[in-house]
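My questions all concern the structure below.
In this document, chain identifiers A, B, C and D correspond to the written order of the chains, with residue numbering beginning at 1 in each.
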Amino acid sequence: MTRLRLAMVGGGEGAFIGAVHRMAAALDGDWDLVAGAFSTDTGRNTRTGTQLGLAPARVYASFEAMIAGERALPADIRAQAVAVVTPNHLHAPMAIAALDAGFDVLCEKPMAMSVAESEAIAAAAKASGRHFALAFTYSGYPMIDEARARVARGDLGAIRLVQVEYLQGWLSLPIDGDGNRQAEWRTDPARAGLGGCLGDIGTHAFHLAEHVCALRVEAVSADLTTHVPGRRLDDDVSAMLRFEGGARGMLKASQVAAGEENALTLRIYGERGGLEWAQMEPNTLVMRWLDRPAEIVRTGGPALQPGVAALTRTPSGHPEGYIEAFANLYRAFAATVRGEGGRWFPGVVDGLRTMRFIEAVIANAASDRKWSPLYPGETE
Amino acid sequence: MTRLRLAMVGGGEGAFIGAVHRMAAALDGDWDLVAGAFSTDTGRNTRTGTQLGLAPARVYASFEAMIAGERALPADIRAQAVAVVTPNHLHAPMAIAALDAGFDVLCEKPMAMSVAESEAIAAAAKASGRHFALAFTYSGYPMIDEARARVARGDLGAIRLVQVEYLQGWLSLPIDGDGNRQAEWRTDPARAGLGGCLGDIGTHAFHLAEHVCALRVEAVSADLTTHVPGRRLDDDVSAMLRFEGGARGMLKASQVAAGEENALTLRIYGERGGLEWAQMEPNTLVMRWLDRPAEIVRTGGPALQPGVAALTRTPSGHPEGYIEAFANLYRAFAATVRGEGGRWFPGVVDGLRTMRFIEAVIANAASDRKWSPLYPGETE
Amino acid sequence: MTRLRLAMVGGGEGAFIGAVHRMAAALDGDWDLVAGAFSTDTGRNTRTGTQLGLAPARVYASFEAMIAGERALPADIRAQAVAVVTPNHLHAPMAIAALDAGFDVLCEKPMAMSVAESEAIAAAAKASGRHFALAFTYSGYPMIDEARARVARGDLGAIRLVQVEYLQGWLSLPIDGDGNRQAEWRTDPARAGLGGCLGDIGTHAFHLAEHVCALRVEAVSADLTTHVPGRRLDDDVSAMLRFEGGARGMLKASQVAAGEENALTLRIYGERGGLEWAQMEPNTLVMRWLDRPAEIVRTGGPALQPGVAALTRTPSGHPEGYIEAFANLYRAFAATVRGEGGRWFPGVVDGLRTMRFIEAVIANAASDRKWSPLYPGETE
Amino acid sequence: MTRLRLAMVGGGEGAFIGAVHRMAAALDGDWDLVAGAFSTDTGRNTRTGTQLGLAPARVYASFEAMIAGERALPADIRAQAVAVVTPNHLHAPMAIAALDAGFDVLCEKPMAMSVAESEAIAAAAKASGRHFALAFTYSGYPMIDEARARVARGDLGAIRLVQVEYLQGWLSLPIDGDGNRQAEWRTDPARAGLGGCLGDIGTHAFHLAEHVCALRVEAVSADLTTHVPGRRLDDDVSAMLRFEGGARGMLKASQVAAGEENALTLRIYGERGGLEWAQMEPNTLVMRWLDRPAEIVRTGGPALQPGVAALTRTPSGHPEGYIEAFANLYRAFAATVRGEGGRWFPGVVDGLRTMRFIEAVIANAASDRKWSPLYPGETE
């Protein structure tokens, strides 16, 4: 198995998500990080490259230099894919430039600053014939695959209710201006986009709900709030959802749920039963039934749907977590980059849906209308 | 301690809630059931009275006969209070008649069929000088008292988020017409009122949220659904709430959450922390904090607020449940009936708020407006 | 349904278990408390009788006076059964005297101070033809019945492992001499007997294990410890068990497990699966399997064994607890006292087994031998 | 940061633990796998090397060839450390040979086949001046470090009780002879050693207990059982433990606890409180107290002991699991190999204690004596 070569833009020392990408890429031995433009701060950029053991020539001063530099290398040496782990406003220009230059791209979420930008990425991917993956990490958990397969098989019957929540508490205090790098850009409209909490974690919740149900939200009614004085973007999202086929949903995302860590949970109920999954205990999927005891389905356990066991690296009871879920995305992406096809990973379609969700919520929250549509018919 | 004498209307054999009232009244030895009009079916009425060991003369053929018969008895023999455990449409006429006749009343929820009826009960209570209690049972749990006291003391800081849910699955199938007595009247507008799930359990959720926060909802936006074909009332409620002071809430109540039993949960987040309580494990209250580990506060455990320990009958770790919570209402009501004053129990104010909630949700759900007001200023 | 008449010895104000007996007896309307000798302290005795609303003539100054006084009453007025809720050293003399006088007896555990005393009770019950029940309360939980029925049906296959624990922390500090009434007599050999923690809660653990497995322990190896300086009886028990048929067990009971409340747990594993039950969340029984997902069996839920649902008073999800479990014993005892027969309750056989366990553990703990026998063949 | 170079013996395709070692070594970028002798089956060995992307010249036909081959390479190319991931009987000869040849060694547990062999490894490490790490993986979890630090600080007061369990169910059926590679060698005395379940997982339980308490077991009383007919080694261990200072412990390890996955749990109680940790939910440490509510200490959460946060890679609520715990051992080992010193990892002392435990249990289980000593005074 040949290792693939990865370049990264963003993710300098002190950043959170860049380091996670590197661990996820390394875990299964599919990827070698070979190049990077980690920071516009020269010292920080160089230090990061050194710490990572990169050849100095491939630690680039800018994204543009990296694209140019890598293109100039022989095909069997240059990076094959670019991981874009910058603040949101850079996703679209960088992803498009990388695709246009012939690189496959794995980009952080949200996809871009607007639906329009997302469509431009979609167009660039199509035109270039290159692959585009989006880091909706939570869809990489085995029990999410299991849940999706069971819903698809009809275990629950027709879906009636969807309850999805993503609760964090880390923005409860006004740390935006206190030099907290993570908080700073996420609450800055120029870098984060129209949504604060909405774009950062509301999109994860929305994506997970549509992904597992395989149903599209047709209309949304939303209440968008900024609880912390002085904050420039929302830190709290409430939304009611109407799905195609008649299912009703509620979505809650908040970054001021004081004391909560990273509480993404999904519950789905159909005619015959319901399921429940919680990201903080991700190896368990509870299935409840009208007519028999609830079941605890487990990562690596008995009676999993086809393909799910392959997402696990250890016997049941040896917990796998967030990095492993992330690695499942890198592994699926690697298979596609290698041309082996295979397993699904989130990409253009997922990105467009979530950007439409952001725009619909923002429009609805600013209006007196109860419902705003979400164009459920599209099939990009 | 003299025992108080209770009469009951409704609650014939096979009914659920009447039997619970009787156990709750018996548990602490405060009440003796002395009279009843349990059913309009003569045989059922008589059998119930016999099973309960009542004197045959005090098993009445009708509510009216019971009121007349008990009034005719000497003061030290006749019932002092009447428990109204009939379908909803009978609450107001019976409560008013009992109050007018000089009895204290403990009534099942929802209070009545409309705000107007509820106001009539309120007026009757005021005019008669009699006490009126409403069976918002869940407010009888010790950990609900603890939560309320901690919020009041400011442990969480100003409240920002309120998430309340009440999920059941027992109406997932169309059992309404299958002779299930519980399902039948609860889905019949003539007996249940305007709300189905909304009135039956949505009111519990709403009451618990306002009760623990001590904040009133100012506006509601709702989506009311009937998932089961042929059902005549809603079986599913989604609502967004805006509280006085700026807190945001979400309320979900459903009787088609297949596989759920009686999952009433409440989470409240303030500036500095959050709390979580779940009715199905009612002796635990989780307190989460921004700056220190979460705490597991326990019924009967250390560091409870004043008065809370008195709501418990056994040492910590000997679980108390639903019947004990219910008994706490009967105990508090007994203290008031005896003129000892003392502990709070839900009554007229709680009933009016929940009826206003029902009407606001129904109005909002039928309209295109996003928000409907809930008259937060009233202080009956 | 005629109510039965109960007399009580012990259980004056401030005592824990007497009050629980009274609530358990009252809950289902089977019993009226009609007489008592609650305390040898006259004031305390009188106050307790008054609080309970007893006729003053039936609040007796002593146990002997109560037995004599009640026997002198007409048959349709005098107490039918006596609840013995005194410290352990009084169980045998009082139970025997009550049986000999023609009363049925419901006695607290442990049965007596020795196997010899227990055998004398057994003989008195046999000679008098009266019924003897023993308050092994935890066997009154519906999920314990469910577990026993499933083991009996062979769901788990042949039993291999039994892990039973009973952990409390309330004796972690030397409160024995601090005027804590509960602690005082439980740590006094003259009143508690040979075992401290062993007799108080170790017997519950042992009983539950044998009861659910329907297997007898053949041999025990034990380590008995007194952790708190100055304490006169053990406060901590470790034991290894060998069951008939080859199953292996471990039993842990401690009253110095600081921070634990009342953590009685039972796990049983057989060839094909295992089960787990925890008293502090008593409405759940987890069944684990080799070849399929674990199941969460619930009080009041679907697929229960015959007879188990009858032990529950409310729909699933309305938690029932310790008092309800206790009430199930009083209800089963009532059925037998009425001559309706029916449901099992713990009695002479259970008491003798647990007394033999106490004596075997004490003998073994004092010796260098690894194993001491427990006479598994007996079938009293 | 220069990457270190690792060679591996054992861990050919299909093996479980070798792959885990490789992921753990890769996760943080500290190690590059550069050489291996993965299997004595030539095809399997070659395929494994190819899949891992090794240079063919460094995929060796035997351990001896690997040691010789690597020694012959220049110092800046040859492997610096050897991971020994073979069945148990090869640990000692290979570890000793590797140490003698100047390599640092990270070895799977149990350390060897006997105390004598372990002492030989200890002597070889001392003589060579090379480092020896032992894969007691569970001590790599952050919450284990937290627990150990809190016990050391005296939060619980003097320790009284230690309850440790390791329950698996995967050997419930007689799969030993069915071609299950994992089961086969683990139940073969010639390859696994004197203990079956005892050596495989009992050692983990014992190590964790002594490690977190920082107390040594002085004496053990044990019951060793083989439940599955035809199995050649124990599949079930019960033991009572006496610790220095008077603490009492119970240890249960079983591989026939049908339905259990990998349920390693540790509870420790002292004078003032207790702690509980469960490997299957490893990011939570519950602290219980006599006088205040229990606390939920969390990986990455507030109020951790110094150094513990550094063992975590993601913000709290992004679960880390078994591979991350394993990577913590590789990271600590790397720091020592680089001469940076620093963090503790399990090694010779841990190995010797666990081997003494194995021998003491086997001796005790075969005798009628209740207690066998464990030489608590040694301080290798």
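Convention: a contact is a pair of C-beta atoms (placed from the backbone, for glycine too) under 8 Å apart; a residue touches a chain by one contact, two chains touch by 3 or more.
Going by UniProt, the chains are A, B, C, D = Putative dehydrogenase.
Bear in mind the structure is a predicted one, so any value in this text is a computation, not a measurement.
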Show me the overlap between the contact partners of chain C (Putative dehydrogenase) and those of chain D (Putative dehydrogenase). A, B
Which chain lies the greatest distance away from chain C (Putative dehydrogenase) when centres are computed from Cα atoms alone? A
Averaging C-alpha coordinates per chain, one finds the centres of chain A (Putative dehydrogenase) and chain C (Putative dehydrogenase) separated by a number of Å equal to 55
Report the inter-centroid distance (CA atoms only) between chain A (Putative dehydrogenase) and chain B (Putative dehydrogenase) in whole Å. 43
Roughly how many whole angstrom separate the Cα centroids of chain B (Putative dehydrogenase) and chain C (Putative dehydrogenase)? 35
Check: chain D (Putative dehydrogenase) positions touching at least 2 other chains come out as 260, 287, 289-290, 294, 298, 301
Spell out the part of chain B (Putative dehydrogenase) that touches chain C (Putative dehydrogenase) in their complex, as residue ranges. 1-3, 16, 19-20, 22-23, 26-29, 50-53, 168, 170, 260-263, 279-283, 298, 300-301, 313-324
Sort out for me which residues of chain C (Putative dehydrogenase) touch chain D (Putative dehydrogenase) in the complex. 156-157, 160-161, 163, 165, 169, 172-173, 221, 223, 225, 227, 236, 238-240, 242, 246, 248-250, 252, 254, 256-260, 269-274, 287-290, 294, 367-371
Using the touch rule from the top, collect the residues of chain D (Putative dehydrogenase) that touch chain B (Putative dehydrogenase) in their complex. 286-287, 289-298, 301-303
